[in-house]
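You will see two complexes here that share chain A, one where it goes with chain B and one where it goes with chain C.
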Partner chain A sequence: MKAGIVVFPGSNCDWDTYHALMGCGIESIFLWHKERDLKGCDLIVLPGGFSYGDYLRSGVLASFSPIMDSIKEFAEKGGLILGICNGFQILLESGILPGAMLRNKGLRFICKFVNIRVENNSTPFTKDIRKGDVLKIPIAHMDGNYYLPYSELEKLKRNNQIVFRYCDGKGEITDEANPNGSMENIAGIVNERGNVLGMMPHPERASFSILGSEDGRKIFQSCLNYLRER
Partner chain B sequence: MPELFEGEMIDKKILEAHNLTEEEYKRIVELIGREPNYVELGMFSVMWSEHCSYKSSKVHLKKLPTKGEAVIQGPGENAGVVDIGDGLAIVFKIESHNHPSYIEPYQGAATGVGGIVRDIFTMGARPIALLDSLRFGPLDEPSNRLLMDGVVSGIAGYGNSIGVPTVGGETYFHPCYSRNPLVNVFCIGIAKKEKIFYGKASGEGNPVFYVGAKTGRDGIHGATMASAEFSEDSEKKRPNVQVGDPFKEKLLIEACLEVMEKDLIVGIQDMGAAGLTSSSSETASRAGTGIYLNLDLVPLREEGMTPYEILLSESQERMLIIGKKGKEKEIEEVFKKWDLECCIIGEVRKDGFITATFKGDEVCRIPVKALTSLAPVYNRPYKKREDVPSINPEKIPFPSDLNNIFLKIIGSPNIAHKGWIFTQYDHMVQTNTVLLPGADASVLWVKESGKGIAITLDGNSNFCYLNPREGAKIMVAESLRNISCVGARPLGATNCLNFGNPEKEEVMWEFKEVVEGMGEACEFFKIPITGGNVSFYNETSGKGIYPTPVFGLVGILDRIEKVLNPSFKNKGDVIALVGRIENEIGGSEYLRVIFGENFGPCPKIDLSSEWNLHKFLMEAIENSLLLSAHDISDGGLAVCLSECSFFGGLGFDVEIGKIGNDRIDFILFGESPTRVVISFSEENWKRIEELAKKWNLDFLVIGRVGGDRLVMRKGEKEIINIQLTEGERIWRKSIEEKMKVL
Partner chain C sequence: MKKKFRVLVMFKDGVLEPQGLTVMQVLHTMGYKEIEEVRQGKFFDIVVEGNDRVEEKISEIAKKVLANPIIERFEIIEIK
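Coming up: the complex of A and B.
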């Protein structure tokens, strides 16, 4: 079992993700964006950051990196892919996941702990978490206002692709608990097949008790168990 | 600055435009043995500017203690370096970007971040955190809201992108900053002790590399601009402000750390203020060498740039690297990997001159020393300021409704929660942020060793205005108290000294007094100062700022698990006051809220009690006796207790009638130093009381944690009694409400 963390120019959560994965006992290596070889990794993580400075739409330039071709193939074959924050934006821009990110509703960057509720625990990323559980995980983004046309939103719901939603401490889905204006408080989704997860909150920032929460580990742990049992 | 052309005669007008005096010009002629040409004049102008040369401050800065057990590098390099054990060192420094931030708040603040971050990674350290100290005029004025919005967005836009968390700092408001905002940015990095790099151009024949962004016409004479007062038409100086590119900076961090790791270079320096001129002359000066530059090889952004412009440009995200001869190919490969421009533009020579050629002509040849160590030094005259307002405390009318005044104070932007600011900063990236912004000090986890680094930035210009010497001592003491409250002992400090025009005798007096007061306190606490920054001329149209020193203290926690935060923990815990119990009201937020004026006298400080309080806290935290500790400063005891409640979500009930014989409003809101509010469980009461006695400190149990109200009583009488959630809402929302209308 080996995880590959893709480093784009401007990625800045690459090392954080590395420490969190290693802390969960997942051997991890870095994959350079100019390469195409995924080096036999079982889990590919696209970390957070500002790829290419996000000077164009967030994530769009990185979606043209050479490694993205291999990642698309890997996704089609059912390989596990986790996109966190900017990684989620890159997955949207490359069409691996549906929808788009708009600027936060307050038009400002937001960094804080939020609560998210697990909506779907039948994915490899959430299989060891109970449905309805509330996870305390930080967000840090400028463009996290998830949007897609209503017809597609219906499809997303029908296929049970919504994995996390922003909620209050008790697990209620409210407007106040929605930090960025995302449709239906969406914080994370999977593709139809369920092997690619994109999420705005940063599980790697909630992987050590000294940092205030270990809830993020549950996601990495689920992946590890899924791959072990496969 | 008027248009100038090469070949023009150097006359009075040109000297004035270059901010050089006639005496200084004579000194230039003397030093180089001839009249300088126009390019050389420009180089002298920036290198001898106040900003680069410290010519007015040097004589006083010498008085600061700079040595200590842990100090690896003191002042004189790009940043200070301190040993933190386990083969690791921390590198830190603070810089001001006041003038550019006033003219163009977003870019001014953003490039301030960029500059200080480069100072840190040039030393071979990975930048791990930023903090900033900001000062604006009152938020009721729209121009101040715009300035704050721009500055905060600029810091966020740059810091967030490069992945360095902004973990703390301070923000204050006072009318003296209305047209003189202060933006001081602090950065800290971590390095392997044996892998520290210096800005030295050593080794004759070593290639001089130019790395990073192309050179444009931006920022020419930025350093000169920052060395003069502003007037009504300072808008026109907008072209002097540079524009930042954080993405390029992020690539530079990674690429530079990689060439250092691979041992390919001998020296490196950021092209910051005064650009190519300062980076080449300072690196050569430190190594006792010279540098030759072929300006035809400098990558240019615009056509038709002159040697004058190339040498003085302050375009951002550029580095000067002295490579190892024979390693040129490998160096180029690393930068190519990161898609960065990198080329050789010259070489190290042993002649001790900065020489540059352009299209075959020699355009300058100046002895390095003339630009650096032989720059003029002034011992400017000073005179005590006499017009400081003072008040007889007994004459202050006793307010009728303290509840209401209390709510006003917690809603005052100086006291209110700064969440509107720091949620815009990524303060968690790099996953080392143990205490979120708002605690007494920021605490970073050192994953490699299990230790913690505590950092605090503190300034108290209200006290420094009333009494610069005592104010500076109180500032240092507060910094020490802040890191003590989280469980850290001090390692070293940096400072940013923001003042008005040093040519005014009273400003110079304030400066001298502040430096001496700071020196005395640092000497007493054995805190070495490893570098810093001076920003004079914070005046617009003749109106200057309060003396505003800002102190950045760095400390260490030997075990990160021991870290303490200020929040109340459990119902029933005992609340006590420990330290030197005094209730001086001078210089307090209370007086400013009631009278709108900063009245003295400045509180007194006893350094030995402060040191005892530090030792008490260290011992109590080491033995796990405390559940919370929070320093009493702005807003006094009432605010301190309330913050512990807001952080912890638990109320309190305290008796304040026995805290000295002073008036109840002074007890609630006095800002005397050397006091901390602690909470602990009943079973540790005796041990803590004995420990306080051992360190010769006042100790007074005042009440208990619990409930959902903030209750302060004198005997049977409730002086203040409000709902926790009501107080918290005012405290948390105050700044956000004001910033709703830009």
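Coming up: the complex of A and C.
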């Protein structure tokens, strides 16, 4: 069982992710974006940061990196992929996940702890968390205002692809709890098959009690257990 | 032969574009009450060499890279 953390020029959460994964007992290596070989990894993590300085649109330039061809193949074969923040944006721009990110509604970069509610616990990433549980995990982004045309949004809901939604401390989905204007308070989604998760909050920044929350570990732990039981 | 193209990328109608909206609100505060809408977009000037399917290639690039078809539309203008 091994995780590969993809490093793009401008990734800056690669080492945090490494420490969080290793802390959860997941052996991890770094994969440079110009490589094509996924080196036998069972879990691929696209970490947060500002790949290519967020030029053109967040995540779009990284979506053309050579490693993304291998990652698309890996996704089609059912391999586990987790995109965090900029990693989520890259998955959207590469078409592996549906939708697009708009600038935050308030036009500010937001860096703070938020609450997210688990909407779907039948994914490899959430299987050991209860549905309806509230996780405290920080966000740090400028473009996290998730958008999808209404017809496709209905499909997303029907397929149960919404995994996390921004909520208040009690788990209520409210406008006040929506930090960025995201449709339906969406904070994280999976592909139809459920093997690719994209999320704006940073679980690696909530993986040790000294950081203020350990809720992020639950996601990594779920992945680990899923891969062990496979 | 060199040709120059300008690719305009705009948000689609119906997609909330907060930057243009904010500019409009400021214009209203400044007294320009007649302004009904401001939409911010971007443009790219691209110079290409050659005659072979040049416009087709620019259109392909606009579709694949410069614009995100989920939220944006584009327009190509040749600059003489």
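Operating definition for what follows: the second predicted complex is superposed on the first by the 230 of 230 C-alpha atoms of A that agree within 3 Å, B and C clash if a C-alpha of one lies under 4 Å from a C-alpha of the other, contacts with A are read in each partner's own complex, and residues count from 1 in each chain.
Definition applied: contacts are C-beta pairs under 8 Å (C-beta built on N, C-alpha and C of every residue); 3 or more make two chains touch, one makes a residue touch a chain.
Since the model is a prediction, treat every value here as computed from it, not as a measurement.
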* To do: Mind working out whether A:Phe125 is in touch with chain B, chain C, both or neither, as first, second, both or neither?
  => neither
* To do: Decide which partner touches more residues of chain A, taking chain B and chain C as the two options.
  => B
* To do: Using the touch definition from the top, say if A:Phe64 reaches chain B (first), chain C (second), both or neither.
  => second
* To do: Using the superposition on chain A described above, determine whether A:Tyr18 touches chain B (first), chain C (second), both, or neither.
  => neither
* Structure fact -> Touching chain A in the complex, chain B uses residues 153, 156, 160-163, 245-248, 250-251, 338-339, 422-431, 433-434, 436, 445, 447, 560-561
* Complex contacts: residues of chain A adjacent to chain C -> 56-57, 60, 64, 93, 99-100, 102-107, 145, 147-149, 181
* Asked: Hey, which residues of chain C end up touching chain A in the complex?
  -> 15-19, 22, 65-66, 68, 70-71
* Hey, which residues of chain A end up touching chain B in the complex? -> 9-10, 12-13, 15-16, 19-20, 48-50, 52-55, 108-112, 138, 140, 142, 202, 204-205, 207-208, 210-212
